[in-house]
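Chain IDs A, B and C follow the sequence of writing; residue 1 opens each chain.
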Amino acid sequence: MEPRLKSGKTAPAQRPQPGFVQTLFAVVWKDLTAEMRSRELLSAMLVFALLVIFIFNFALELAPSVRSEVTAGVLWVTFTFAGTLGLNRSMAMEKDRGCLDGLLLAPVERSAIYFGKAVGNLTFILIMAAIILPLYALFYGINVFRPGLLLVILLGSVGYTAIGTLLATMAVQTRTRDVLLPILLFPITLPVLIASVKASSGFLEKAPDLSAILPWLNFLIAYDIIFIALAFMFFDYLVEE
Amino acid sequence: MIYARKLVKRFGTKTVLRGIDFHVERGEFVALLGSNGAGKTTFLRILASLSRPSLGEVRLAGYSLPHQAAQVRARLGFVSHQPLLYGDLSAEDNLRFYARMYGLRKPEARIAEVLDLTGLRVHRREPVRTFSRGMQQRLSLGRAILHDPDILLFDEPYTGLDQDAALMLDDLLAKISAQGRTIVMTSHDLARTESLATRFDILARGVISASARRGELGGNLLDFYKKALAG
Amino acid sequence: MSTKPPLLKVLDLISLALLIAAAYMALIYAPTEASMGQVQRVFYFHVATAWIGMLGFIVAGVTGIVYLRTQRLKWDIVEVAAVEISLVFFFIAIVLGSIWARPIWNTWWTWDPRLTTAAVTELIYLAYFMLRQGVEDPERRARFGAIYALVGAVSVPITFMVIRLYRTIHPVVIGTPSAAAQGGFNMSSPMQTAFFFAIFAFTIIFIDLLWNRVRLGRFQQEVEDLKLRVIQ
C-alpha cells in the first residue's frame, strides 16, 4: 500500500461517529459562527420587525388606551413575520452551495441535524425578541418585562420554530421556496399564535389572572411537545431520497 | 470496496439507471465516462448514500446501503460540482465544522494537514464566499478527505474551472490518488481523466456499456469511448 | 387505457339516485322545523358535506402514512384525490352554513370555532396544492405532500380546540349543546331519518368520486409516461 497522510496510517475497524448531542451542537455552532460573521439574518429580522411595528403604529393608530390591549397581538404578529424571514434565510444557507448534501453525507443521525437547525433558529428568534421587546417598551411606555410574558415568548417560539424548521426544510427544496414558507406555515401555526397572544395579553394586564392564563400555557406546552414529536418523526423522510 | 448489483433508479416514470453492475477493487481509480444526462450524477449520489436506488444492492467497504449508511458515510468522501461549503464561514471553520460532524479525534492537526495539502493555509481565515471557483473546489476536496475516507467519489470536479485552477486540481488529485484510496470520478472530459485513472467505465443508456483497464486501452481512450457509445 | 369498470358505472348511478333521494328527504320528507322554518333544511346537506370534508382529510392522513411506509405512488394518487374532494365539499359546507347563518345568527360569517377551523382547513389544503406544484420530482412531491397532509391532519383538531377556548355560538345538535349556542333544536324522528340518510348518501357519493378521481390520477400518470417515451 502506498503511503498515506500521518493520521491515516492505520484505518480503524470502527470509525468514530459523533453522538446526537455532539452533532446538534456542531450544527448550532456552525449557524451562530456564520451569523456572527455576516450578521445578515439577524439584521434582516430586526429591521423587518421594526418596520412591522411602525406599520402597525400607523395602521392601527396605537393610542395609549388601545395599546395595552393590542400589544400582545402586535408583538406576536411581528415575531411571526420576522421569524419567517429568519427561517427562510437559515434554510437557504443550507441549499446555496449544496450544504444540505454535506450535512447528509456525515455519519450522523438526521434528527440531530434537525434539532441543531431548530435550536439555531430558536436562538435567532429569541435574540430578536430580546431586542424588540425593550424597544417596544420604550416606544409605548408599557412595562413588558414580566416573567410570565417571557415564559410565553419562550413557549410560543419553541412551537413556532419546531414546525417552522420542518416546513422551511420542505419549502427550500421547492421551486417557489421563499414565497411558499408563510403559506405552509401560518395555517399550521395559527393555534400557537392564538394561544400565545391570549397568554401574553393575560400577563400584560395590571393584575394577571393566573387561572385564566393557565389553560393557554398548558396548551402551548402540549403544542410544543406534539409538533416537536411530529418533526422528529418526519424529518428523515424530508431529506432522505 | 465498491459493489453495486442490478441497480435501477426511476424518477417517477422515467428510468435513469437500468440495472448497473459495478465493482471497484481497493486502490483503483475509476473514471466514469458518459454524455450529459447519462445518469452519472444519479449513480454517484446513490453510491454516496444521498439517494436510494429503486431496485438493486449497494455495498461500500463491506457495509450495505441503506441499512448501514452511517458506517458507509464514515468511510466515504464526496465532491460534487457544488462545493458543499458555507460561504459565510472561513475555510478553517468549514473544516472545523465538518471535523465535528465526522467526530474526528484530533481535528486541529488534521485541519492543518488538509490546509497544507490543498495549498489554502494562507487563506484559512477568509470566508469561502470570497474564494475563486478553483479555491472553493480545492477546499471541497479537502473537506472530502478530512476524515481520511477509504472511498472517494468525485462528480465532475472540473466543472467551471479555468485552466490554472484545473491544473492545480490535477496536482491535488494526483497527490490524493497516490494515498491509496479507492476513487470513482465522473467526467465528460476524456483528456483530464486519461492521466489519472487506472480504469475507464462508460455509462450509456442506463448501464455500464464498456469497461477497460489502462493497460488494455493501448493508449487510445477516445477510440474506446466512441466504440462504447456506438454500442 | 382501460374502460370504466362495470361496478363503478353502477356506483355512479347509485350515487346519483342517492343524491336525488337525499334531496327529497331533506326538502320534502322532513317536516319543517318550528322556529327556524324552511332554512333549517339546509342543515341536512350542510352536515353531510362537512362530514365528507372531514372523512376525506382523514383518508388523506392515513394514505399519507401508508405512502411514507411503502413509497408507492398509487397511495399518493389516493391522497391527492381525497384532499381534492374534501376541499370542494368543505367549501360547499361552509357556503351552506353561511346561507343558514344569515337568518338564524343574523350574519353570513362569525368567527366561531367550527367555521374558523373549516376555513383554516381549506387554507391548509390550498397550501398543500401549492406545495405540490412547486416540486418537479414525483417521488419528492409525494413525500412532501404526505408529510404536509399529516401535519395538517394533526393541526386541524388542535386549531379547533384552541378556538373553542373562546366561547362558541355554534349549535351542537348531537351531544350536549352549550348554553351560549343559538339556533339549536331537537330532531324529530323523520328529521333524524333524513339526517342519517343524507350522511349515508354522501358517504357513498364520496366513495364514488374518490374511485373516479383515483382512476383519473392513474390516467394522468399513464399520459406522463407516454409523453416521456415519445421524448426519449
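Following the convention adopted for this analysis, contacts are C-beta pairs under 8 Å (C-beta built on N, C-alpha and C of every residue); 3 or more make two chains touch, one makes a residue touch a chain.
Predicted, not measured: the structure shown is a model, and the values here were computed from it.
Novice: Can you tell me which chain pair comes out on top for contact count?
Specialist: The chain pair sharing the largest number of C-beta contacts is A-B.
Novice: Could you work out which chain's C-alpha centre is the most distant one from the centre of chain B?
Specialist: C
Novice: Relative to the centroid of every protein C-alpha atom displayed, which chain's own C-alpha centroid is closest?
Specialist: Closest chain centre to the overall C-alpha centroid: A.
Novice: Could you give the separation in Å between the centres of chain A and chain B, each centre being the mean of its C-alpha atoms?
Specialist: From the centre of chain A to the centre of chain B is 35 Å.
Novice: Can you check how far apart chain B and chain C are, centre to centre, with Cα atoms defining each centre and the answer in Å?
Specialist: 50
Novice: Let me have the rounded angstrom distance from the C-alpha centre of chain A over to the C-alpha centre of chain C, please.
Specialist: Between these chains, centre-to-centre, one finds 33 Å.
Novice: Can you list every residue of chain A that touches 2 or more other chains, as numbers and ranges?
Specialist: Those would be 241.
Novice: Multi-chain contacts in chain B: which residues touch at least two other chains?
Specialist: Counting only residues that touch two or more other chains, chain B contributes none.
Novice: Going by the contact rule already set, what residues in chain C reach two or more other chains?
Specialist: Within chain C, residues 139 contact more than one other chain.
Novice: Please name which positions on chain B make contact with chain C in the complex.
Specialist: Interface residues on the chain B side: 11-14.
Novice: Which residues of chain C touch chain A in their complex?
Specialist: Within the complex, chain C touches chain A at residues 68, 120, 123-124, 127, 130-131, 133-136, 139-140, 143-144, 146-148, 150-152, 154-155, 158-159, 161-163, 165.
Novice: Along chain B, where are the residues that touch chain A in the complex?
Specialist: 27, 45, 48-52, 66, 69-71, 73-76, 78, 80, 82-90, 93, 97-98, 100-106, 109-110, 113, 117, 127-128, 136, 143, 147-148, 150, 178-180
Novice: What residues on chain C touch chain B, complex-wise?
Specialist: 73, 137-139, 221, 224-225, 228
Novice: For a test of understanding, state which residues of chain A touch chain C in their complex under the given definition.
Specialist: Interface residues on chain A, with respect to chain C: 163, 166-167, 170-171, 173-177, 180, 183-184, 186-188, 190-191, 194-195, 198, 215-216, 219, 223, 226-227, 230, 234, 237-238, 241.
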